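What follows is a pair of complexes built around chain A, which joins chain B in one and chain C in the other.
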Partner chain A sequence: MTPLDAIATRPVPQLLEEGGAGDQPPKPSTRGGGPLASAAKYARIFRIALIERMTYRGDFLFGTVLRFLPIVTTILLWRAIYEGSGQSELGGFQYREMVAYLLLTNISRMFSSMPGLAAGIAREVREGTLKRYLVQPLDLVGYLLASRIAHKVAYISMAFLPYAGLFYICRGYFDGFPDAPTLAAYALSLVLAFLVGFFFEATVGMVGFWFLEVTSILYIVMTLNYFISGHMLPIDLLPQPWAGILKVLPFQYMAYFPAVVFLGKVRGWDLVLHLALELFWVIAFMVLARTLYRTGLKRYSAFGG
Partner chain B sequence: MSIIEVADLSKTYRVFQKKDGFVGALRGLYHREYKEVRAVERISFQIEEGEMVAFLGPNGAGKTTTLKMLSGLVYPTSGEARVLGYVPSERADPFRRQFALVMGQKNQLWWDLPAGDSFQLLREIYSIPRARFDKTLNELIDLLGVERLTRQAVRELSLGERMKMELIAALLHGPRLLLLDEPTIGLDVVAQAAIQKCLRDYHERRGVTMLLTSHYMRDVEALCRRVIVITQGTLVYDGPLKGIVERFGETKLLRLQFEDDAPEDLARFGEVVRREGRAADIRIDRGRVSEVLGALLNHYALADVSVVDPPLEEVIAKIFEEARLAHDAA
Partner chain C sequence: MFAALGRYTLAREMAFRGNFLVKVSVELLWLGILVAFYRTVFASTSNIANWSEPEYFFFVGCYFALNGLIEMLFLDNCNEFAELVRTGDLDFLLLKPIDEQFLVSCRRIDWGTAPNLAMGAIVMVLALVQSEWVFDPLRVAAFFITFGCGVSIAYSCMFLLTSISIWMVRNQSLMEMWWLFTSLARYPREIFSGRWAEPIGGFFTYCIPILLVSNVPANVMVRVLDPWMIAWTVVASASLLWISRRFFHFALKSYRSASS
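Right, the complex of A and B next:
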């Protein structure tokens, strides 16, 4: 008998036991542990987080529309750069491809950006609200992941129509739609981008156990990330060896990689290898975040919770 | 077996000493000075299933630290604690399913959602079967009289209402042990009484073990027969509430009713607290009751005499004050 089964069969306070149509003797199989029950738990957390997100509909829509403004100025800027340079191709990107790329990095970032995640973890540590995860049979990382997926689902479904409109208007910058295998790889790269983003920022948040305030660290990391993830411009524009280095680091998977997959610039074995490397970074940050969480908790509990 | 067993439990914190001013702050970047703070020192006690016990003590006495050690939030520096048969700091899931900790008011509820949604979340976290969950929830809503409030966003509730929701959230999974840290802090008298009544009723119905910290005498008087007094991290008293007066009350109050006007020379017997017409109150040391009474009866015509213990609150205030002075002196 597992410890959880032991709980299920322990005597429940009498008032719960007696009478009542719904009262059945507790069945160990339906209670407590098991991967299924655990999945149900985090699915419920997902659902509730989704409801919470939806309570801020107005804010949501407004934020989404505002995101389009920088895109327009970026497009104008690149047009000026191309005209000024007198070249039709920069780093292997033609002007049309460049605009398509920049539009696509916004999609990448829709999946990989994690606003408030690291700062939220640090705040829970600082303000002591972390204790609820310690007192309840709940895992902080699992909880954060479930609610973050909910936030993303809410956000992406709300932003779908405006984005579809934007891409329709900008369809001239694209050479039609990619084929099915490319689309599948693109979808996979986006899901992995979400996971890299999540575990990377969770790792940064865990630093909050040592430094109570992570805002400044976060600011540096995010500013740097804007550049080295390829969100600002394609990594290929950088001279070697920098471009090569950045292409094995985890950051490019948060913006650059999904975009170039969609544009069909990465194919065949190269594509498979990069997807594998992306998966590797997911696992690496997952392990790192967990390890920091465990050691951080030890420190937290020694200092007074 | 006792539900809580604590033996020689101690907790010492290392606190960073920040120097004053800018130069001090700079120096702190390179060279840190720490001070050891003994929050709890070698306390031992046992609590049986179904008991309702209060931790009483002034602010900073170590009540909350002890509670945190019992719920596994804080590792003890030395000594041993066993709660429900588990070592709390291991945070085993079966252990966490059997107790609840209520600490402050923004604990388990989602600020922007109605409490009802948070309850549903807790149902999943604790894997409570639906039928049992519905029954418990209805019972608790009934007990606390909060029918209409579960669909309102928590941030819109009053402090007292929020505390009630916190209590419901803590009790949904039917914990065997309930740890409460200052459950009525910041509440007005009416809300305080409501929370006390709820805790008392719930305890009566379920026989759940409760341990609460408070520096409000009223909470303790209303709820607990047994009191553990902690000052400066050490346990100074463990026993029935009334026993505190016997143990710590060094004086008694003589209430005298004379046949004629009260005489003026009563000060030779003890401290005259009150003298009005035929009535007078004198405070004397406990040991001198029979001696003083004898002398009074010899000298004066007394209509009525009663010997009264000092009010509990006064005695407690004195214990706290002495602990504070001892601390300041050290």
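Right, the complex of A and C next:
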């Protein structure tokens, strides 16, 4: 079950050699009749994943509603913190802004969290089921991305009403909607947050080619990520040099950055620069995930296949 | 029987020592994050809801130890219950000449969370030293009694939720309800002040007394030794234990042994 207790790897099996590349694993293929056919294929994957996700909508909606209750305790905790401090502002955040920030990080995490993605990739490697992506004109990363978009669409559609209700109740913590350019930047930061989260976790999952079981690594990474992404509190509250270090790392884009964009705390060229940096991290993790995938396939043994 | 099950699960856990060490590391990391979070907060304030920094850290340590004990003894078992119902494997537990509740909720011990008890205890001791706490046997006795009651209340709430799986089968949201409960127990009861928060605090103190779980033991040790609250905690824990047992047996009447 664990990386340290991993099963020894075997040479590349017959299955991979049948690809005609000798000791080279077959390249993950996206072919299937041109870009239009390829788009139709991934649209179909999206549709199937969406239907699957909506099957348990009652259970899903119930779970979403329940998630709001810890938000109540968080609001109460921060109220007690501000009252105890006797200050109106902590780390550049007034109490209202702090609550708004913590509410907005829930939206950020709604986009950037990828439950089960890395563990799923590692399971495909460990159980040998990864071969289905090698023998079909289907790219693993493309397939997972289409499925994940479907899951997010389903989740966001179902969570929209409860979240709209929550934000309506908590409207007193916000200064209304930001202007159109800020809203556009916020929407872009959320889309990029989704992509950073996806490719980051896919990268962790690809480590499964070497360790087979990544759950343990994942627990550590995700536990740490919960704090350093700014989900628990704004990074600005941390002392230097920690705040400075965390603002250079990509994790802030998964919770902190979209929230401060909405609150108008990052503006002008600073905003453009950070959006460019967020895009840079998307590309960096995408390249890393693909590189690890290609390298990993060279040592893949198709256990259980 | 419990000792034998404990030895068996320990042997299983030690077969994957690497996994055990990683689990402990994750718990240690989480405690470190909690400490970092509250240290950051206390850099800006002298108290939270009238809990000073050492008092609050005692509370954090108490919650961490108590939650660790619950996870170690019951969480994995209760999590698996819905699957036992769905597959019909619950039959095998019901047929054994052993109490069903014991088998359902205590058959496995998650040794990976056992060090949480020690970690929580270390935080509590450090907090006591920091607050220059004077030893008081009455407070210590009250702490152990209410700590036990806190475990009992948390277990009863979890077991009530678990029992609902007999009807629901898929209990993903019910387990989320459990995490909701732990999030309520994670903060001092005093934060529930004000027009809309006070009724919520009252509800979770007197109707579903989850707020008593870590609040009362921490309070009796480092703040107020309130005999009425201690008495209420004892009564609430005994009542909830009885209610959860009755509810489980009531739920079992609806078990249809599907798929077996």
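Just so we're on the same page, the second predicted complex is superposed on the first by the 268 of 305 C-alpha atoms of A that agree within 3 Å, B and C clash if a C-alpha of one lies under 4 Å from a C-alpha of the other, contacts with A are read in each partner's own complex, and residues count from 1 in each chain.
The definition used in the following text is that contacts are C-beta pairs under 8 Å (C-beta built on N, C-alpha and C of every residue); 3 or more make two chains touch, one makes a residue touch a chain.
Predicted, not measured: the structure shown is a model, and the values here were computed from it.
Enquirer: Could you look at A:286 and tell me whether it touches chain B, chain C, both or neither (first, second, both, neither)?
Expert: In the superposition, A:286 contacts neither chain B nor chain C.
Enquirer: Should A:219 be classified as contacting the first partner (chain B), the second (chain C), both, or neither?
Expert: In the superposed model, A:219 contacts chain C only, not chain B.
Enquirer: With the two structures laid over each other on chain A, which partner does A:48 touch: chain B (first), chain C (second), both, or neither?
Expert: Only chain B; A:48 stays clear of chain C.
Enquirer: Under the stated touch criterion, which partner chain does A:125 make contact with: chain B (first), chain C (second), both, or neither?
Expert: neither
Enquirer: Thinking of the overlay built on chain A, is A:134 touched by chain B (first), by chain C (second), by both, or by neither?
Expert: First partner only, chain B.
Enquirer: Could you say whether A:85 touches chain B, chain C, both of them, or neither, answering first, second, both or neither?
Expert: In the superposed model, A:85 contacts chain C only, not chain B.
Enquirer: Of the two partner chains, chain B (first) and chain C (second), which one does A:77 touch, if any: first, second, both, or neither?
Expert: It touches chain C, and chain B stays clear.
Enquirer: Identify the residues of chain A that lie in both the chain B contact region and the chain C contact region.
Expert: Touching chain B and chain C on chain A: residues 3-4.
Enquirer: Touching chain A in the complex: which residues of chain C?
Expert: Touching chain A from chain C are residues 16-19, 22-23, 25-26, 29-30, 33, 36-37, 40-41, 43-50, 170, 172-173, 176-177, 179-180, 183-184, 186-188, 190-192, 194, 197, 200.
Enquirer: Quick one: which bits of chain A touch chain B in the complex? Just the residue numbers, please.
Expert: Interface residues on chain A, with respect to chain B: 3-4, 6-7, 10, 12-16, 20-24, 26, 30-33, 37, 40-41, 44-45, 48, 51-52, 55, 129, 131-132, 134-138, 298, 301-305.
Enquirer: For the complex, give me every residue of chain A touching chain C.
Expert: Counting only chain A, the residues touching chain C are 1-5, 56, 59, 62-63, 66-67, 69-70, 72-73, 76-77, 79-87, 90-91, 216-217, 219-220, 223-224, 226-227, 232-233, 237-239.
Enquirer: Please output the residues of chain B touching chain A within their complex, sorted ascending.
Expert: Per the stated touch rule, the residues are 11, 13-14, 39, 65, 68, 71-75, 89, 91-94, 96-101, 103, 106-108, 110, 112-113, 117-118, 120-127, 129-132, 134-136, 139, 174, 176, 205-208.
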